[in-house]
Amino acid sequence: MNQAMIETGVVESTPATLLADLQELRDNASYRFDRLLDVTAVDRGETLELVYRLHSLQTNRDLVVKASIDPAKPEIVSVSGLWEAALFGEREVQDMFGVVFTGHPDPRPLLAPEDGFGFFPLRKNYKLPGRSGQQAGR
Amino acid sequence: MAQLKLEHNGVTACGTELYLLNMGPQHPSTHGVLRVLLELDGETVVQATPVMGYLHRGLEKLAEARTYPQFIPYTDRLDYVSSMCNNLAYCQTVEKLIGAEVPERAEYIRVIMAELNRIASHMLFIGATALDLGGMSGMMYTFRDREYILDLFNLASGSRLTYSYVRIGGVMNDISPEFIELLRKFLADLPGMLTEYDNLINGNEIFQARLKGVSIVPVGRLISQGVTGPVLRASGIDYDLRVKKPYGIYNRFQFAVPTGSVGDNWERYLMRVLEISESAKIIAQALENLPEGPVMAKIAKVIKPPVGEVYHANETPRGELGFHIVSDGSTKPYRLHIRRPTFYNLGCVNALCQGVKIADVAAVLAVLDPCMGEADA
Amino acid sequence: MFGIGLIKGLSVTLRRCFSKPNTVEYPEQRLPVGPMFRGGTLDLNQEKCIACSLCALACPNNAIELATEKTESGKKALTLYRHHMPVCLFCNYCVEACPTQAIHWTQDYEMSSLTYDEQIIDCMAAKGGAR
Amino acid sequence: MQESASLWVGLGRVIKQAVLAATGAPWVAELVHTLAGVVGILSIILLSALVLVYLERKVCAWMQMRLGPNRLGPFGMFQTIADIIKLMTKEDIQPAQVSPVMWGLAPILLFMAAMTTYAVIPFDAGVIFADLNIGIFFFVAVGSQATLPMLMAGWSSNNKYAMLGGMRTVAQMISYEIPLVFSLLGVVMITGSMKMSDIVKAQEGLWFIVTQPIAFLVYLIASVAETNRTPFDLVEAESELVAGPFTEYSGMRWAYFFLAEYAFMVGASCIAATLFLGGWNGPFLPGWIWFFIKVAAMIFLFMWFRWTFPRIRVDQLMSFGWKVLLPLSIVNVVVTGIGLWLFFPLV
């Protein structure tokens, strides 16, 4: 993690080092990314890419931190200890992609019903069902 | 209900027992279908847990099955009281992705529409806040005035709520001289409307007493929670995307960004009131400099962006609305993620509600100005 | 300070109490829908329609159901044109997509009906307002 | 003056004499006369509720630049009648978890309390059901009985919103009862009587609103709180507690609450008119019309408040009642006492 990488705006991280990297980005005086704007994920087929969007109010700079995990074993450390915004963001990713955030204090479904959807809608292997019955358009 | 386990040991210092109150999803003061689980000690809130998802429509998944222009009507249905701003944010994201230029006139029209929509949204906010605090007439007054803006939108786009007016590469159609004339009249009338709100709502001592000094949260906590928009600015953070990361042609306009100092409910409310007149200033400047010309760029009928990733955020009335689009080169987005301001703003409900009375839960929910269509995507 | 704001508020409501109301008595009086009105149902001009199905392609939500057949002269002709109003987003894309301006919105905004099926408008059968 | 009094007194006398002539038993005549009074008061309550619901809607609509009910009958006047028919024909739903006896009793008790207060209201010279020599005391005592049914309704509904509403009722009514009583005390001190007719007679020259402006203000605020209307409608507090103690009620039971609420409002207005606005005194017109005008003005004031002000918070309500209203009313009593001692020293 160095200045040049941060200038590009996108930083690759790994599930193992994610927490340490983000902590560094938040606390290091030369970065000071004090806001986590968004947590989301992209299903890339072989990997599941988690996207952490950081922003610094001091320097008004953006940074995207990415970490790829195995979709078959979707587990990554929760960053909700660093930013409270992750409390909601991670729960949404959990509902939509089935990612388990270890160490999340409140891992109930947020947008999904209390017992979950039963599937993970934003994964690519979930296909949108067509409309049923009378609504059938084209 | 009474058998529900309490997370605390259930007994407070006074020997009173905590109990759970389920506020919503059908409750007069939770905007839309938000549900808040309140853990109460008498009238005082100990813990407030927002529960949402009642309006989840899977917009992000739907986007993967729609072409780029086809998703514009869906952005209307995100935050349905500021559709123009949503349209604008989405279209600018796609334009950034495909590298399209937007004609000058269209840029100005976009600014006019977005700021008008901001005024409309804030008017609704003022009325809803007054209603949540029990002042029923306030809402009628702001709705009357919001109606003028909706009529203007109807004139321009043919719709009063879901405009789909901003399109990729420009706007749907040009505004007519009649529109400009009516808009000028509205801008002239606006100070009168604001004075009336001042007299009826803002200036009322009961109203001020209800909001002042309530739910002050350390600003660091709000930053950590990813709160954006007027709620953050009320705590003294001068962060408005229109100024800090000017999108479109916002760098050409002179306007102030109101910021608070205390960060109580009153300032969160006041931010919106002050923003109305700032938005009016922007509109006046845009009208002044409105150039002639086309309102739509030459954009291919079928939009095929290059492979890549793009994120673009706009300042909507509720905060930072960002679209994150991953393109695989086809006509449909591979992945579209929406950073919804309401969703993250609701994260601070618990922090704001702790220690306040039940009555102020309604006030907190009002000043957060949540729009559940947006929070639930 | 204390009381002035209350009295100001009272004066506002009292003044409004004697001013003209802003409401429109709906079934008798109607507001104009505006020149760009998007709503109501699709009004199909069958003479103009060339059965290109661009409208159905443009629709984000598959609200237009159409079927075509080849006529003897080799041209395409419509056999079915249905507007599924409950799923319609009223985004105007179909009207904009039409190369011959064969579809327009009806100016009707009273679209409620008792059953779902009544909401599916057969635009070939209907002339003007579909109901 | 009493002899020239209105047709109502005459009407009562005619009824009495007619019955006396028909039966020859004085006690029957007395009974019928009393019953006529009860019927009269009941009809006043019901009619006033009928008219007030309509007026409330109209006033609300005017203040919000709307039209209000205007479909049923001339100017929508029959709207309330339609509503009553609707309420009466509604299914009587009793939620499964309520405590049935209390839950059923609460609306009736509340309505009874509201009705009983009318006994001491002097509508005109001589037109008073019971001109007790403790008239005001009776009003205050019976009026405060409203607390209990509201708490009963809130508690027995087995609903947390209702419970909160019931608790708020108790807190609010007790807090505002005291300044209310103290504000009435000033008037009583001047007249030296708690009898309604004496108080009105004392105002033949000067209304007490002139000599007791602070008491009037305190009474006004406290009575708004007592009648649970905005800005003190915390008991119902639509945007917080849904409907407070009435959350689980529907149909005719709910209508009882509604009726009682309006009855209390009219009652409070009547007392204000009697104690501060000179009761039936006034030139040219008959007394009962004057009284009616004064009550109507008070009711308009109540409605005006309701459609202008937002709601106050619980803790603010309490601190306002105890820290502002109560001291103010006590000061008023003291000042009145000093004034009386200076100008009318006791013999």
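Chains here go by letter, A, B, C and D, matching the order in which they are written, and residues are numbered from 1 within each.
Everything below uses one rule, namely that a residue touches a chain if its C-beta (ideal position, glycine included) is under 8 Å from a C-beta of that chain, and two chains touch if they have at least 3 such contacts.
Everything numeric here is computed off the predicted structure, so don't read it as measured data.
Minimum number of contact steps separating chain B from chain C: 1. Should one ask which of C-D and B-D has more C-beta pairs in contact, the pair is B-D. Farthest from chain A in terms of Cα centroid separation is D. Taking the mean of the C-alpha atoms as each chain's centre, chain C and chain D sit 52 Å apart.
Between chain A and chain C the centroid-to-centroid distance comes to 40 Å (mean Cα coordinates, whole Å). Centre-to-centre, using mean CA coordinates, chain B is 45 Å away from chain D. Inter-chain centre distance (chain A to chain D, centres taken as mean C-alpha positions): 61 Å.
Shared interface positions of chain B, defined as residues touching 2 or more other chains, are 137, 141, 144, 200-201, 204, 206-207.
Contact of a single residue of chain D with at least two other chains is seen at positions 63-66, 307-309.
For chain A, the set of residues touching two or more other chains is empty. Of all residues in chain B, only 66, 69-74, 76, 137, 141, 144, 151, 154-159, 162, 164, 172-173, 196, 199-201, 203-208 touch chain C in the complex they form. Interface residues of chain C facing chain B in the complex, by the touch rule stated above, are 1-6, 8-9, 11-13, 16, 22, 33-39, 58-61, 89-93. For chain C in complex with chain D, the residues that touch the partner chain are 6, 9-10, 12-14, 16-23, 25.
Residue ranges of chain B in contact with chain A, taken from their complex: 52-53, 56, 58, 60-62, 64-65, 221, 223-226, 228, 237, 239, 244-245, 311, 320, 322, 324, 326, 334-335, 337, 339, 343-344, 346-347, 376-377. Of all residues in chain B, those touching chain D in their complex are 1, 19, 21, 27-29, 43, 130-138, 140-141, 144, 200-201, 204, 206-207, 209-210, 357-362.
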